[in-house]
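Note that chain A is present in both complexes that follow, paired respectively with chain B and with chain C.
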Partner chain A sequence: MEGHFNEPWLDASAPHGEVVLSCRARLARNIAGFPFVNHATAAQRKELLRVARQVLLGGGLSSGMIWVDLGRATEHDRRLLVERHLISKNLADSDIDRAVAISGDESLSVMVNEEDHLRIQILAAGLQLESIHERLNEIDDHVEGKVDYAFSRRWGYLTACPTNVGTGIRFSVMMHLPALKITNEIDRVRRAAKDLHLAVRGYYGEGSESAGDFYQISNQVTLGRSEEELLGELKDKILPRIIEYEQQARRVLVERNETLLDDRTQRALGILRSARLLGAEEAMKLLSRVRLAIALGRLPEIDPRVVNQLFLQVQPAHLQFQAERPLSAEQLRVTRATIVRKAFA
Partner chain B sequence: MEGHFNEPWLDASAPHGEVVLSCRARLARNIAGFPFVNHATAAQRKELLRVARQVLLGGGLSSGMIWVDLGRATEHDRRLLVERHLISKNLADSDIDRAVAISGDESLSVMVNEEDHLRIQILAAGLQLESIHERLNEIDDHVEGKVDYAFSRRWGYLTACPTNVGTGIRFSVMMHLPALKITNEIDRVRRAAKDLHLAVRGYYGEGSESAGDFYQISNQVTLGRSEEELLGELKDKILPRIIEYEQQARRVLVERNETLLDDRTQRALGILRSARLLGAEEAMKLLSRVRLAIALGRLPEIDPRVVNQLFLQVQPAHLQFQAERPLSAEQLRVTRATIVRKAFA
Partner chain C sequence: MKCDRCNKPAVVHEVTVKDGVKTEMHLCEEHASAKGIALPDETPINQLLTQFVICKENRPARSRRIRCQTCGTAFASFRRSGLLGCSDCYGAFEEHLGPMIERAQNGGTSHAGKCPRRGGATIDQQLHIQRLFKELEDAVASEEYEKAAQLRDRLRDLNPDPTESAPPPAAG
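And then the complex of A and B:
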């Protein structure tokens, strides 16, 4: 792992950055001639890694591509990659031969031997679904120029899980919805999303809670829909509505009780600036309040990028990375508090 | 009411000031020839007020004595006097003719037409029972030189309530016991106090909760014991033991988990410095943590007197006094937060 990070996808001035932290598009692809990962032999999976590495690191994809052999990586490094949303928990916890190829700016990552042979992901700050979709298509074309994908005329791209068959694309958007949470309207969003066949997950994806009031919203169905249909619906209809709904809830918070809002904000900042012990969940909760206040123009002295980065930096593997040593649960809380205090000093 | 306050009894450098906020001695006295307050006619009570005023404001008692006619005082002024521990809640809420005489430095107050004709009280910072007892005796002698007390050779001084018959004296000590509260040992103190016929009350006396981890400890029985016996027992045996018990609990807190202690302290200070809305109970809880840390030498930059004063200043009537106008519940919380923020800025 490298000594420093690139986080272009934490740029706070990105489109709709006040509500949308980041967006992601990923393709599920399998290579013809190889069985699906869960049916392949160890030798076949090794061979697939070799082929994938050749294609992904062979140039022409993105600058500064690195290859991380996850079987050889330390547990700490795997956690770090999960926290940075570059690999899935499943891939980190798997015990088969597996790897990830990551671009220098961390906007592109390709997981190899996850559920599918290749999971190609593009990450960007704010709401930029169209441009990441374009870039994903370029990457996809590039890879397809070097290997044959498993494809059926009838079903489209073949994937290990039926929910990905078809276009094999999933768009997901990490939304910061603190006002809808405070006003108790978040459940309406959840219900509406469900009706629209969208999944609403937490900060770490599947099964995770909504730490820091982040909600990851993504399409679930890919079969029978064109990528353009999916994208258009999300980009032009659904997401603008959720963004507006959150913005409206924020206006209500300001109008209904400005002092209460400032009290919440200043207390959060006061604790972040003072605590000597800080848990991850509490840190994210407090950072969420600060992020909300910044978006409302109520904390002009604080750089939103600092807050966006802190959401990452307070995670355990990031803390250990920064401390350059393993940390006990208590040391994690001390280090987290120290980093946060310094950031807001 | 005057425009500013004297609070010599908040001097943090007083003996045992780190555990004992203040001490008080009070005498219950009735004047011969008048029925007890609850049996007196309105005319008799008025006459008693006249006599008492003559005696108490006639000079020779203490400098700068003032007389507050509580029937004419505003509700706000009565609350203020209760918050300053100069009159009892009972006297404030009573609807008969009643008054209080207060010395310029507020160390002496004499309630007239409370349960007894006269309730003479001396207040001092820290643990100074012997000197306040001496002073109380001087006041008592002075008053007795001008009026005849109701006295029985067999029972001693006669009082409206049997628990005060005898010497009629009550010593009480306002102790700050945050460490015993944190370590859950406060109940042992309560039980021990009960066995010793001591009452343990909250910050506002009878029936009040232990706001800010303050416990008011006082003797209950006065019959059949000399003042010297009562005083000696409290001063030499009981109180030093409670003080040592609290000090020991404080040492345990430091030894067991210094970081946790500092975290609690700094968070408390962080909130006090940041909140825009602050309730009285929360303010006292947070101030208590800061007071504990100061006593442990962990906040050398903060003046303990400021904290001692804030315990008073965050009370509703004090806030209204400072604001010079009636305040709604919300305005009280805003004003309290503002005053506290400024004090710690």
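And then the complex of A and C:
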């Protein structure tokens, strides 16, 4: 990992940026004639890498594609890619031959030898599911022009885990729902999502429960409905309701608890501007309060993009990247506090 | 193999496995049609496809022993890991996997989305069908009717409407 970062997907002015941080669409694809990754031999996995590299870096996909051989990458680089949502934790921690191809702007990444041969993902700021699906579809067509996908008429695109079979598509939306959290309405969203067969996860997927009040909502059904139906259901039916629900909770907060809200905001800013030691979880929590206040127009002097970026920059691998050296747990907290102080100075 | 009811050669073979007990029935043309079983039509693939009439099995105890012929993955190992070994596992485990998928997919039972546009996948499927067809012929020749029935089901799946698809080119 060299050079500076590019994060068009943290653009705060994107559609529904007040509530939706980013959205993502990914396809699970396997190449015909090879066993799935878990059953492939080392030689077959190597061959898959070779084929994938040729297809993904052969041009025509996106500008400035790079290839990261994760077997050779350092632990730090792998962590950095996880934090940037470019690879899964699974892929980072796996010990087989694996790689990721990433576009210059980091909006496209293709994991090779994850659970499926290819996991193609597009990431964008705010709520832009339609346009990312369109682009994902084009990339899929491009790849399909070079390799044969494992496909059956009955089951559709065949995947190692049958929970992805069919379209192999997963739309997910990273929502910032601090007001629903404060008003304890978030459990209703969770229940409703469950009834609608949607998964609700945290900022870093399973187990990262609601860090920074972020909730990642995604479709679980991949079979029996077309990509457009799955997309339409999320985009037109489900997400607008959650967004409106959060907006409504925010309005209620302002109307009924304005002082309390400002107090929380200013205390958060006070700590962010003055702390000398800052843990990751605490930083996420405080940044969430600031982000909410910005969305409500109560902190016009702070650039929302800076806050969006800080959610990333306070993560351990990002701190080490900035520091250009490995940091102890204590040093991480010092560096985190320093970066945040500077950002809000 | 001769008909269960007379001495003419059997053309219809029925294998039923219920609660782990297997019963076989072999009938000639006459006795088969007397039983109301549709007879195979002319094309060789349809002949093989319809030659078997298999009752819906009910054999939970056996499911664990099923293996994918292509990659060797056992159904039991899929139950543990949640991961299939290869594309053919879908066919091999279909009977047990189908209902599981339906549940996991909120009732979704078949693909309703994008299909590969390029001919490549079709060619690949053709080769796959050819191979399954050959296996089916071998299974019939060696009177392995259970295996043949599984292969028949997989082939039927690849050709949802056998009357519309031409028989695959002869192997070799």
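In this text, the second predicted complex is superposed on the first by the 345 of 345 C-alpha atoms of A that agree within 3 Å, B and C clash if a C-alpha of one lies under 4 Å from a C-alpha of the other, contacts with A are read in each partner's own complex, and residues count from 1 in each chain.
Keep this in mind: contacts are C-beta pairs under 8 Å (C-beta built on N, C-alpha and C of every residue); 3 or more make two chains touch, one makes a residue touch a chain.
Computed from a predicted model, the values in this text were never measured in an experiment.
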* When the two structures are overlaid on chain A, which partner does A:Trp67 contact: first (chain B), second (chain C), both, or neither? -> neither
* To do: Mind working out whether A:Arg276 is in touch with chain B, chain C, both or neither, as first, second, both or neither?
  => first
* To do: Scan A:Val334 for contacts with chain B and chain C and give back first, second, both or neither.
  => first
* Asked: For A:Gln266, is the partner it touches chain B (first), chain C (second), both, or none of the two (neither)?
  -> first
* To do: Between chain B and chain C, pick out the one touching the greater number of residues of chain A.
  => C
* Structure fact -> Interface residues of chain A shared by chain B and chain C, listed none
* To do: Show which residues of chain B lie in contact with chain A when the two form their complex.
  => 259-260, 262-263, 266-267, 269-271, 273-277, 330, 334, 337
* Asked: Taking the complex as given, what residues does chain A use to touch chain C?
  -> 30, 32-36, 38-39, 115, 137, 140-141, 144-145, 147-158, 160-163, 165-167, 169, 197, 220-227, 229
* Note which residues of chain C are touching chain A in the complex, please. => 70-71, 73, 81-87, 90-91, 97, 100-101, 104-118, 120-121, 123-125, 157-158, 160
